[in-house]
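The structure follows.
Labels for the chains are A, B, C, D, E, F and G, by order of writing; each one numbers its residues from 1.
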Amino acid sequence: MTRRPMEILDQVLNRQPVIVSLKGNREIRGILQGYDVHMNLVLDRAEEMVEGAMQKRGTLIVRGDNVIYISPLVG
Amino acid sequence: MTRRPMEILDQVLNRQPVIVSLKGNREIRGILQGYDVHMNLVLDRAEEMVEGAMQKRGTLIVRGDNVIYISPLVG
Amino acid sequence: MTRRPMEILDQVLNRQPVIVSLKGNREIRGILQGYDVHMNLVLDRAEEMVEGAMQKRGTLIVRGDNVIYISPLVG
Amino acid sequence: MTRRPMEILDQVLNRQPVIVSLKGNREIRGILQGYDVHMNLVLDRAEEMVEGAMQKRGTLIVRGDNVIYISPLVG
Amino acid sequence: MTRRPMEILDQVLNRQPVIVSLKGNREIRGILQGYDVHMNLVLDRAEEMVEGAMQKRGTLIVRGDNVIYISPLVG
Amino acid sequence: MTRRPMEILDQVLNRQPVIVSLKGNREIRGILQGYDVHMNLVLDRAEEMVEGAMQKRGTLIVRGDNVIYISPLVG
Amino acid sequence: MTRRPMEILDQVLNRQPVIVSLKGNREIRGILQGYDVHMNLVLDRAEEMVEGAMQKRGTLIVRGDNVIYISPLVG
């Protein structure tokens, strides 16, 4: 079974949280509510790791060109 | 319910302030008045966080390629 | 009222000065005389902030990909 | 025999692990489950090298513009 | 009067020298002999500022993506 | 005789090794097995220079945007 | 007389050496044998300046996005 990158994003929409690793050593977690072809993301109930602690961010629109990888948390 | 990135921007137009996190550790707040497909933004009554204090910036046109994420403040 | 980024630029053409914040901590002020779709700018009577002092630069063509934001000065 | 880059990716789909070297001195290993024209990758059973030790990451969608090279492990 | 960026370049072709500010704190002066849509430039009788002194460079083809701004010297 | 960049790559396919200089001070050698329009490369029997010593890498798919230059070794 | 960037490259093909200034403070000299629309270059009998000394590099294919400027040596 092969799976294209965008299929994985479809499978986790509104499901388990994803970890988004961003350039500049930033890491965000949240529920993926949407995305587009540029890998721009909508994350709901987002939290950002800041100096080892999670800070709540609410809803985030992340610009895709900052993304290193997206990892669905195992449920 | 899935929501595309640009839909979120539509929902907050001329409503509650948004926080815009920019590359280079810059952060701006303001009322979103408009945007385009490049995620270029118009922010009204904008303020920029400079060394821990908010400085007024009036109206700003932010070039989209600087954006890391946009976060609507919860009303 | 929503306003697209390029509309704001139209409104300030040949009017009050704009502040242009550039990547690499550079800041330029001047009268916007023109622009194009890449956000390349023509600034007249431009000045650049260098070590806290404004230096005159005359007319400048600024390449758009250096721009962080553009802010019209309140008249 | 000449082989185009995307052919190599086809040959290792769901087979032996690949090492993915990323910008910023990051290295990830996993089973390649899919990719697209931007070299966005789906890696299954992924692990990331962090300070000399491998950490499990589950499934990863890696954005292609971070990739330096991809190397199939010899089986 | 509004003036598009490329019009300014047309006006200074083969006339007064221009200062070209480049990324990485480099500065070049010369007579603009030509340009294209990428803002690639041909500079004749070019000089580069190196540690405070101007060094002659002859003819230069500058790749546009290095340009921060171009400033015609007032004649 | 003029030779376009891609012609040189054609001439060395499956022949003498090439040196590939990458951004970030990395250097790889190998037999070029293929390439595409983005200068993505397939290198066979690749080796990477790490702290002055060559380490074997097997087959590599190098993403073109990391390449500074490619140099065929003189046979 | 105005001259487009690519015309200058045509004029020096297989003639006098050119100096190619690259991002990251690298400098290469060689005979220009070809180029394409991305400013990818073929340099023959190339030499690279390394710590003040010229090292022979043979034929090089330089990826255009590394180029700052190209300067034909005066014959």
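The rule is short, and it goes like this: a residue touches a chain if its C-beta (ideal position, glycine included) is under 8 Å from a C-beta of that chain, and two chains touch if they have at least 3 such contacts.
Because the structure is a prediction, the values reported are computed rather than measured.
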{"item": "Shortest chain-hopping distance from chain C out to chain E", "value": "1"}
{"item": "Gap in Å, rounded to a whole number, between the CA centres of chain C and chain A", "value": "34"}
{"item": "Interchain centroid distance [CA atoms averaged], chain D/chain E, Å", "value": "43"}
{"item": "Where chain A and chain D are represented by their mean Cα positions, the distance between them in whole Å", "value": "19"}
{"item": "Touching two or more other chains - residue numbers and ranges from chain A", "value": "65"}
{"item": "Starting from chain E, with chain G taken as the next chain, the full ring order", "value": "E, G, F, D, A, B, C"}
{"item": "Chain B contact footprint on chain A (complex, rising order)", "value": "13-14, 22, 24, 26, 28, 33-36, 40-42, 46, 57-63, 65-66"}
{"item": "Chain E to chain C touching residues, read off their complex", "value": "1-9, 23, 39, 64-65, 67-74"}
